[in-house]
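Letters A, B, C, D, E, F, G and H name the chains as they come in the text, with residue numbers starting at 1 for each one.
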Amino acid sequence: MKQVFKRPETLIKTTTHFCPGCHHGTVHRLVAEAIDRLGVREDTIGVAGVGCGVFLYDYLAVDVCEAPHGRAPAVATGIKRVNPEKIVFTYQGDGDLASIGMSEVVHTANRGENITVIFVNNSVYGMTGGQMAPTTLLGQQTTTSPRGRDFHYDGYPIRMAEMLATLEGVAFAARVAVDKPANLRKAKQAVNTAFEMQAKNMGFTFVELLSACPTNWYMTPLAALRRIEEEMIPYYPLGIFRQRKAADYL
Amino acid sequence: MEERIMLKGSVALAEGALTAGCRYYFGYPITPQNDIPEYLSLHMPERGGVFIQAESEVASINMLLGAAAAGARAMTSSSGPGISLMQEGLSYMAGSELPCVVVNITRSGPGLGGISPTQGDYKQATCGGGHGDYYLIVLAPSSVQEMYDLTIRGFELADKYRNPVMILGDAILGQMKEPVTLRDAKPVTYDKPWALTGPKGRKPQLVKSLYLKDGEMEVHNWKLAEKYRRLAEEDTMVEVDEDADADIAVVAYGSCARIVISAVEMAREEGIRVSRIRPITLYPFPSGEIRRVSEKVGRFLTVEMNTGQMVRDVRLSVAPGCDVRLLARPGGAIPTPQQILAEIRKALE
Amino acid sequence: MPKVVIDEARCKACAFCASVCPKKLIELGGPINQLGYQPAFFSPDREGECTSCALCAEMCPDVLIEVFREEKAS
Amino acid sequence: MLYDVIMAGFGGQGVLLIGDLLAFAAMREGRQVTWMPAYGVEMRGGAANCTVIISDRKIGSPLSVEPAALIAMSQPGLVKFRERVRPGGLMVINTSLADPESVARNDVEVVGLPANEIATEELNDPKNANMVVLGAFITKSGAVSFEKTLDSLSAFLPPERQRLAEGIARALQRGKLFAQEGR
Amino acid sequence: MEERIMLKGSVALAEGALTAGCRYYFGYPITPQNDIPEYLSLHMPERGGVFIQAESEVASINMLLGAAAAGARAMTSSSGPGISLMQEGLSYMAGSELPCVVVNITRSGPGLGGISPTQGDYKQATCGGGHGDYYLIVLAPSSVQEMYDLTIRGFELADKYRNPVMILGDAILGQMKEPVTLRDAKPVTYDKPWALTGPKGRKPQLVKSLYLKDGEMEVHNWKLAEKYRRLAEEDTMVEVDEDADADIAVVAYGSCARIVISAVEMAREEGIRVSRIRPITLYPFPSGEIRRVSEKVGRFLTVEMNTGQMVRDVRLSVAPGCDVRLLARPGGAIPTPQQILAEIRKALE
Amino acid sequence: MKQVFKRPETLIKTTTHFCPGCHHGTVHRLVAEAIDRLGVREDTIGVAGVGCGVFLYDYLAVDVCEAPHGRAPAVATGIKRVNPEKIVFTYQGDGDLASIGMSEVVHTANRGENITVIFVNNSVYGMTGGQMAPTTLLGQQTTTSPRGRDFHYDGYPIRMAEMLATLEGVAFAARVAVDKPANLRKAKQAVNTAFEMQAKNMGFTFVELLSACPTNWYMTPLAALRRIEEEMIPYYPLGIFRQRKAADYL
Amino acid sequence: MLYDVIMAGFGGQGVLLIGDLLAFAAMREGRQVTWMPAYGVEMRGGAANCTVIISDRKIGSPLSVEPAALIAMSQPGLVKFRERVRPGGLMVINTSLADPESVARNDVEVVGLPANEIATEELNDPKNANMVVLGAFITKSGAVSFEKTLDSLSAFLPPERQRLAEGIARALQRGKLFAQEGR
Amino acid sequence: MPKVVIDEARCKACAFCASVCPKKLIELGGPINQLGYQPAFFSPDREGECTSCALCAEMCPDVLIEVFREEKAS
């Protein structure tokens, strides 16, 4: 018997603190697989943003630095400049990256910092109990948009991948979803590409993953999968918004 | 070789950082400390280091956090408003036990304030500043030579205690030039087995300040507290110019302490017996020496370029019943030797 | 040896695996586990129907499913 | 002995530089010295000034409330500091751009010299007007040894500027002459 | 009508803000204070107010600055890391003399720390926190009723002194429910002729903290200092439960002071004579009352949920020679009444 | 005699602290003219960023609030929410807005906050003495890019108008230059449009003005004018990148 | 007299709600009362618990180190707190989801009742299993008056939930009966 | 009354006005003013050549130039 699917080695075998159907687990796996694939586990340093992904260090067998909320790209910059030959990535939620961490991610992208940013967009603040995120969809009810997000008061859901793709420093910017096998395959591809391009010193790479937070969407896990397809993807189109060929940069 | 060269305080400090082996600087411009990033933007790359002008002070302190976590000697510098923005990051670094050097060339506050020399950030520096139970190691140079020497010492102490160190200067110390003797000796370095370099041949490692399990956080807080106790025991620095029969002792630090020197000379010429105490570490505060002197001298005068901040530490240090007075000039005003002398006379009336 | 191994002790019963199996070989509602969930389990006696496509495993957010395939005789 | 002097002028006139050279010469004499510039917003609008203090003992404040001397390279520089020079002190004034008459004090010694004209017309070296003034100041004040100042020039200038030494020396000499001979 | 209703501390605080006439809330989520923004996101619009979830705490405090400059009663709330990020803005608001209320429902630090109740932010709160010579008015409720009452009082004091006010609570006070009596009386309001509303029929006005001209900044700093002096004189708040023949006085604030109540009851049952002092304003600190009590009682015990911060203020307040002890539990650990009682006994040995 | 050019009333007659040839003076005038034109001086509140424009209050006869460096859009948000019927604008330099203030301007734009942002892009930090700005051109020497800006270390000059134009909340985003009469006329038009759209409650309006800082460009004022044309405009194209019609928003 | 009780279970079982009701009833009796929930990360993973303290005097700490009673709605809830109940105290356990045998103490009074079965099968009202347990607890402990609790129901429930009052009252009654009759 | 009035006391001699005047009617180098600059001035006796186009005024960063036009007799 040949094993056709197994846990990536970089993924520590343990019970996670994630809720049922939470896609953080899925994204952890994709990252672990990309690291395994490049064979760089021992040369990898992750930077955990603050959010439900903060316990990255309990799940991935790489070195991990905890960053203050939103500041992971700046922390990763410091780490990468000291260790330019190591693989450095950040793992951030949408509150972390698109709200409080907007300035850091934009400037790190603009500097073309040679790191990978894994951006888990679940359209809500998971860890703190379901408040509105910058990515919360219009009309979506959260604990701080109890009448549904209204652009007059709360602004619009931000499309980070598109915005970052306008910056010269960005080597790769893609949006993928992890709601079904077909999308998962593309997601895996995008995460792999991002790490690979980093390994080739091609600059800033960014993958946004549309993910479910069933708990704070007040949905069953299966209903949450449907919401990704029916509500998120229409507003957040999937695709690669920028991809640099090595030659352009060097 | 003991050759003296004329250096600007900011440049001496930057040279001190380079001498200490600092090869990573992250900072955001702000008056009156721009000479530091400007000098390092030129010289850091020459010495194989990295200079990054961060997009903000928040980014600076977090880049510093990353570089420190990776095991490097790294520095940032700023002034009041920028230092305030770094408080979260500083708290994280103290909580994660990461060494670094943060320079505050002060400007008068609160708010945008003014850019003249001041000691208005004493409270912020010595209280830890950010949230939670921690302290920065705070060094207060008083000459251009010390801008150089204490910066080197700062990196050593940061690594020794795995704690952020603040160099608290002001515009006088940053802008003035004085003769400086550069060091030949190598700075002390420390192994950093905890640094994040990728888990090659070892278990994965972790730099963090989150402690959620029952009781963990209390253990961590007491561990930090014990470190601060040891710091006070081993590395408190103070300059005492003692008159065994003094009638009064004058306490001041930094550039203000220089003016006190002039005042004390004038007082002694008049036959007044004065001791002079200059805290070099503001945290840990040299309570022991102050206590010792205060057991012989019943009158103290604290001179500060603010509305009165260090005076609290002096009062907490002196022997019971010792009378501690204050001469305070905030907002960039600089007390004159004459004014200090007048205050000394008044205290002795 | 079965083709699909589910770590039932850690299963949180999200049902993602069951929902994608083209053959509907996975069911929910196993005996309550330590986490308090009634886990997914492979339908007894239907192993032959499994194509080892691993969609179930890909979908499991907690990465609890291992999939094997019989090696072709070479 | 402590000697303190403020030098003031427009940016670009090289007032910080002559302060620097004076301080450097004092250091080479083995003395304590501080040099303190005005900085920041004060600089905007083109004003520049610095304070040099030379002493045989540890120097306290690097700022002077009542300096022993003032070098005024411009009228605004003169206006800003003319009241502060201590009685019995010295003022060396660049009369090309400042008016010694405006001092209106008789408790200080005032030396005026048309440094820009001297530098431009006599020395054909307009950049060194500041050095002409410095030469006169050193001669009048004796704050440092004139000869030692000349000697320290090559150490003072960075390698790429060594070629300037000669012109500076000439300007200093001319200032000395003016101080001695009043013309 | 004096009807009691059961309210959560955070909700009582939010209701207090609404009662005080606060119609602008700007804040960023952080545990353990999310009940406040959640409650206000629902109720602020109902009362014609504005609730904005800011993109960060830095944005929150600056939106607050704008709303305050425009003359509104406005509030933000956060916890340790967020409060640290607000230090620059707080310094600006103090420097520009803008009133506001900032709530800190603390979590243990430094860094990300833990979310259990703590008093580790005492230093930061009472030192001003940001750069420069200024202070926040710091109110420390000890019950859900006070979460309501002191929030109202906070808005009044902020306007009276044109200074930011901090309400320093913790997770216990934020999460617990207790019976509360809501106020009927109208909160005190103050005219704000300085507010920015556009220069209609008057000269243009200006809110700023930049003072560059010679001497201006010193004048401004002394003006602020005089305000803090007046504040201490007129608005220091403290609860003293005095035993005229006490052998010891116990000082604690906030939720910790509740536990002291239990301990003091137990001690009194044993016949120990104890006074109890609860600072309600942490800045201004009730030094006067502590001094008064300490002139009769030679032994003090300070109980804090940190490694020892307020104890410095107690030491600075007591009469010379008074013995001040400390019982400290940091990191979210909560001292038990039994432990406090044991410490009281020990101090009296 | 008819006066064909006079100082706008909103512009206080006084000597400015600006260096010779500094375009802050020009931009102040354009703002004053727009305010005069709408007749809203008595209903206007400006928010001064920190930079050479901080003394706004000395030059414009409107109410002014000083914001911490970079935070003017957040401060303006607070003011505008309290005074929704007043005209509120920020005046910010490129260090202030595009570096430290990135997060505030992006989120304020995204919220569609009904304010006007006047963005003086002079490709350098003027007030602090000529350090590199996020807008500093590649190769440009500044006191902190002494070898010229190098994208490997310092990243790329950021095009703010284009980036903000990607956000749904933005009603108007334009880039203009003030280097010559023809450009000045368009600049005036853009500033007028921005204030006018604010008066009509159409959302966030943004005008980026390419301006000279002769002092920190180490150039004569006239050479600085040429640099705008020859170096800045080629990298920072002029134009309107987003303009909403009222109907879209309401 | 001070009475403190911890109630623990899974999120969704309504443990916070029965704490709330108990506290509300105590307030209506004119007594001092505090209600303190676990919050934040502790909540993730579905655990929920709260502490209610009822007293005739001002209440100090709203937390209990050694409560007089425990209401355990789930096995993890029971495990977490079973050691902490003070000797002589009371444990009311929902045997549908927790095993009273696992208590292994004989210094406390243990009352077990299959609340989920009772609520689902007898009352046809599975949501009110928590109220069944509360009814039993109030009856056993006498922490508040049972009648007053019933009386306060309509004041306790917000207007849009008044229709639930009847079901809750029935569940409380059923719990009371179980406590009295052991079935 | 002249067509172009320059506030010479405040002029910083940037030369913007002179550089744009299509008729080259403005010169630099007036007597040094209080600010230390040699200000711009309208070339004497060339008023007739001025078209009142106001380009000089538009360009002055310090807004120091006022421009007038003779009103057409109506």
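Convention: a residue touches a chain if its C-beta (ideal position, glycine included) is under 8 Å from a C-beta of that chain, and two chains touch if they have at least 3 such contacts.
Bear in mind that the values here come from a model prediction, so they are computed numbers and not experimental data.
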item: Graph distance between chain B and chain H, where chains that touch are linked; value: 2
item: Contact-graph distance - origin chain C, target chain D; value: 3
item: Cα-centroid distance, chain A relative to chain G, in whole angstrom; value: 42
item: Distance from the mean Cα position of chain H to that of chain G, given in whole angstrom; value: 88
item: Chain A and chain C: spacing of chain centres that average the CA atoms, whole Å; value: 27
item: Whole-Å gap separating chain A and chain F, where each centre is the average of the chain's CA atoms; value: 34
item: Chain C residues counted as touching two or more neighbouring chains; value: 35
item: Two or more partner chains touched - positions in chain F; value: 19, 54, 66, 68, 99-100, 102-103, 107, 111, 129, 134, 153-154
item: Chain D, residues touching no fewer than two other chains; value: 41
item: Of all residues in chain E, those that touch chain G in their complex; value: 4, 6, 31-32, 115, 171-172, 175-179, 255, 258-263, 265, 334, 336-337
item: Residues of chain E that touch chain A when the two form their complex; value: 28-31, 34, 37-38, 41-42, 45, 50-53, 55-57, 81, 111-112
item: Complex contacts: residues of chain F adjacent to chain E; value: 41-45, 47, 54, 57, 60-68, 71, 74-83, 86-87, 103-104, 107, 111
item: Of chain F, residues touching chain H in the complex; value: 1-7, 11, 15-16, 18-26, 28-29, 180-181, 184-185, 214, 220-222, 225
item: Residue ranges of chain A in contact with chain E within the complex; value: 50, 54, 66, 68-70, 95, 99-100, 102, 125, 127-129, 131-132, 134, 143-147, 153-154
